[in-house]
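In the two assemblies presented below, chain A is common to both, partnered first by chain B and then by chain C.
Moving on to the complex of A and B:
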């Protein structure tokens, strides 16, 4: 089939020369993102495996005690904020597919706002943990005794709690890094949507970015129970 | 995507389900006393949420087989990594056979000088 038979006039400017048509180009871009996300599964999987291994092979309850220091309700609210940003992202893709330019701008802005809100919440949480000496280091746990019931935590258990918090800061830090990268790409796409008909003339780039954003959400869906909810 | 876009109503319904599952998992972890079931239940709920996000938000429900293959390959290799690592750590203490004299113990690192010492004079 000759290119002129498969391209409409509009499509021609959007399709790179090595693709037959827009449909094929979108499919290839999506597949590329899925391949990247598949490798990201193993990137986060590595640190989750290390976490599970240390937790199973530890002989005291330091991991559960470390988990109890985190506020599950605050973590749950932050999970809801991130899920909301995933919803608005899905709606942004829908708006791009159905060529609603104003709605696309609105939903991308909301996604950006909820993503930023998540990072701000996370920042406050980290600051709180810094204040109560839960950052691994020489003063780690120096304020644990103030928490009340007078029970003394054995030194070995405090060491395991430090290990838990090493994982906590590594995992949430890597996740936050992915959020920052996502927010940067999102900001660029939003500016392009505000300035031009980017997104409505071809929803491909919005859909591909949406996959990344939902993936970062999925990572948090596992981070949340692994760090906040395993207290027994 | 050759399919009709998923409607905003469907997205809203999935979103409400995701929020309910989040509330449920927080409730079970803080108020419920599940004992040994705590970890499997929390991970089960997380997996249910992941499936919802994947199928609807990430459009896997309308994706072609090649995409599904790539997703399953990622999951398969994750399962291999986790399962093989954990079976190792889980079963190490089962080895109660007597040590062969002179063989290094599996629970202790090799002594210095036993392996490569690296002074280059051998």
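Moving on to the complex of A and C:
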């Protein structure tokens, strides 16, 4: 294709042949990510709806009891970690747009570090829940009595608690899966930034990934109160 | 960019071999197809794959009809029969109807119709085909490993708990096919937003593009709900923990809500693009501007939006509250309005047009009639009181086959004939095409009209035996199905034949408007010699229309 008149010389190298110019390409990529995220909203929306329906149709306090088994402090710290990673991600996009290569590398590394920290905390949480028999299955709740004040929880309520933990592990698991995918992409982008002028040459890819990262963060903003804080 | 439509150098000794480079002959070999980023080639890849699935799904249907030729269950065990209708449904819905028009005609036409070089994300487009094929592998594995017998709806607690067939792989096949559907929809939506040629405003878009846009909306927003639901079913089946099993405190009707939240709108993934095709056919073969352009355009969007609010009509006889049922019934009936708007506008377009009876138009006429019957019988089912009588009977089967086969497949075939000259550069044999179109129309009605009567008389669906008094109508239906099968095989044969032997088509054999007809047939790899500039609304067939229409 002959470069159209609107192309500057180095812009031409960045634009795929089926786009007219860089602006169109950026716009398309951003809109593509927004649409993907709207699809993701419905993906999580499905399971949130199921959670709401089961919670509000249940006749005992199993959901609230399940909630209070979770460690809200660790969950809270994790929320802070993830929010901070969103901040560093936003700064990374800013660095890319203003062509600060060193800062871009720094902020992407920080985002990666915070993201990994979140997953490590989450892993410890899951392990703890496994240890105190909160993983749904035949042995669910077998160690509940040791921990409580001695009052026996009725079997029906334990069943509902198990339901809560099915949601808990499904939702946090799907969220963690999104984190892992995000971190993998982030790692690739970081390596590219370290090796070349990727990101400052064209901030498009960083910006598009930033949207995804913020989305995963926003999902957690809903997950945290829904699972950890609704204890009554 | 290297794939410019350059004239190949003329061979001195063979002047006949001078060929223009088009998307088909620009490169050769399996590799050039399997790694292509050209939306037109990807459309062909999809066309081949879904055609194979269509015939596979057809074989299952044939077995079902054969069993039902006699009242006794003499050909199949009930288990096997369950597997046959399940596989028929899974294959036809997830592997044929949902991708049918968007992934083939849509893929080929959307960039051409808006004057773009390709879809916005060519790599994603190719990936969607591979994802689709992976899903297909799961589907084929399911068939070879003994099939699945839950019905295509995978109802709980049957599917996670009691069924001992290949539920997992079948459900995964549906899940993965869903991802390819999301990718297609996303690609189209971005393309339509961002890549229109200069001057091509929203209200100058062909109505086929509008319908694809509305379809994409459903693909993007509906499919993920099915995905997460299938994941929950899978977890329940593998780990025996879950939220749908009453024994674990779960709710099986919750599954139905989540499932139909996708699967009702999925019907519109099948029928909206079909309506888009019909809009194109009707104007071209009436040689007249479409009547009520903006009504047709917005009715597509209205159907997509309303379609998300009516899923509860599948649960009138479940434990859903009757008040919810009342609202769902009302909303379901509302969908009839935008559907009727389309039918009236198509009919009005024909009025005082110079209507020609080419094969695509035969399919368009077939569509309008059959879709009307399918749509009106849908109202019987949307109505609470009649639904109690008709639900789970053959009336339902007949209704949705009128929509999906009489509607979607008729339009798909009409579109395939209409754009075949653009896709391959050659016409199809007119006599055989008309012959097949008529055979299909007759065969279809003979197959499915008796099923309305059967259902009304109370014959339930999904049984391999039935009382002897239903036999006459069932034999009619089976006879119709065999005629229908012949009708589907004929086009498969002459389409393949036509690629080599039929008459060369030229740019615009129909004298149609639309950017796709302004380029060569088959189009060059980049679609247009130079980016077209649009200065008129679509479907302008005469000077007077050019001045009347805004």
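Methods note: the second predicted complex is superposed on the first by the 227 of 232 C-alpha atoms of A that agree within 3 Å, B and C clash if a C-alpha of one lies under 4 Å from a C-alpha of the other, contacts with A are read in each partner's own complex, and residues count from 1 in each chain.
Keep this in mind: a residue touches a chain if its C-beta (ideal position, glycine included) is under 8 Å from a C-beta of that chain, and two chains touch if they have at least 3 such contacts.
On a predicted model such as this, the values are computed, not experimentally measured, just so you know.
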Have a look at where A:180 lands relative to chain B and chain C in the superposition and call it first, second, both or neither.
neither
Quick check for you: in the superposed arrangement, does A:137 touch first (chain B), second (chain C), both or neither?
second
Looking at the overlay, what does A:160 touch: chain B (first), chain C (second), both, or neither?
second
For A:191, using the defined touch cut-off, is the partner it touches chain B, chain C, both, or neither? Pick first, second, both or neither.
neither
If we overlay the two complexes on their shared chain A, which of chain B and chain C does A:49 touch? Say first, second, both or neither.
both
Please work out whether A:170 is in contact with chain B alone, chain C alone, both, or neither, and reply first, second, both or neither.
second
Would you check which partner chain A:224 touches, where first means chain B only, second means chain C only, and both and neither mean what they say?
first
Who does A:38 touch here: chain B (first), chain C (second), both, or neither?
both
Between chain B and chain C, whom does A:73 touch in the aligned arrangement: first, second, both, or neither?
first
Can you list the residues of chain A that meet both chain B and chain C?
27, 31, 35, 38-39, 42, 45-46, 49, 53, 57
The answer for chain A against chain B in the complex is residues 23, 26-27, 30-31, 34-35, 37-39, 41-42, 45-46, 48-49, 52-53, 56-57, 72-73, 75-76, 79-80, 83-84, 86-87, 89-91, 93-94, 97-98, 207, 210-211, 214-215, 217-218, 221-222, 224-225, 228-232
Please name which positions on chain B make contact with chain A in the complex.
1-2, 5-8, 11-12, 15, 18-19, 22-23, 25-26, 28-30, 34-36, 38-39, 42-43, 45-46, 49-50, 53-54, 56-59, 64, 66-67, 70-71, 73-75, 77-78, 81-82, 85-86, 89-90
Quick one: in the complex, what on chain C touches chain A?
1, 4, 116-122, 124, 182, 186-187, 189-191, 193-195, 220-225, 227-229, 231-232, 235, 239-243, 248-251, 254, 257-258, 261, 526, 531
Of chain A, residues touching chain C in the complex:
1, 16-20, 24, 27-28, 31-32, 35-36, 38-40, 42-47, 49-50, 53-54, 57-58, 136-137, 156, 159-160, 162-163, 166-167, 170, 174
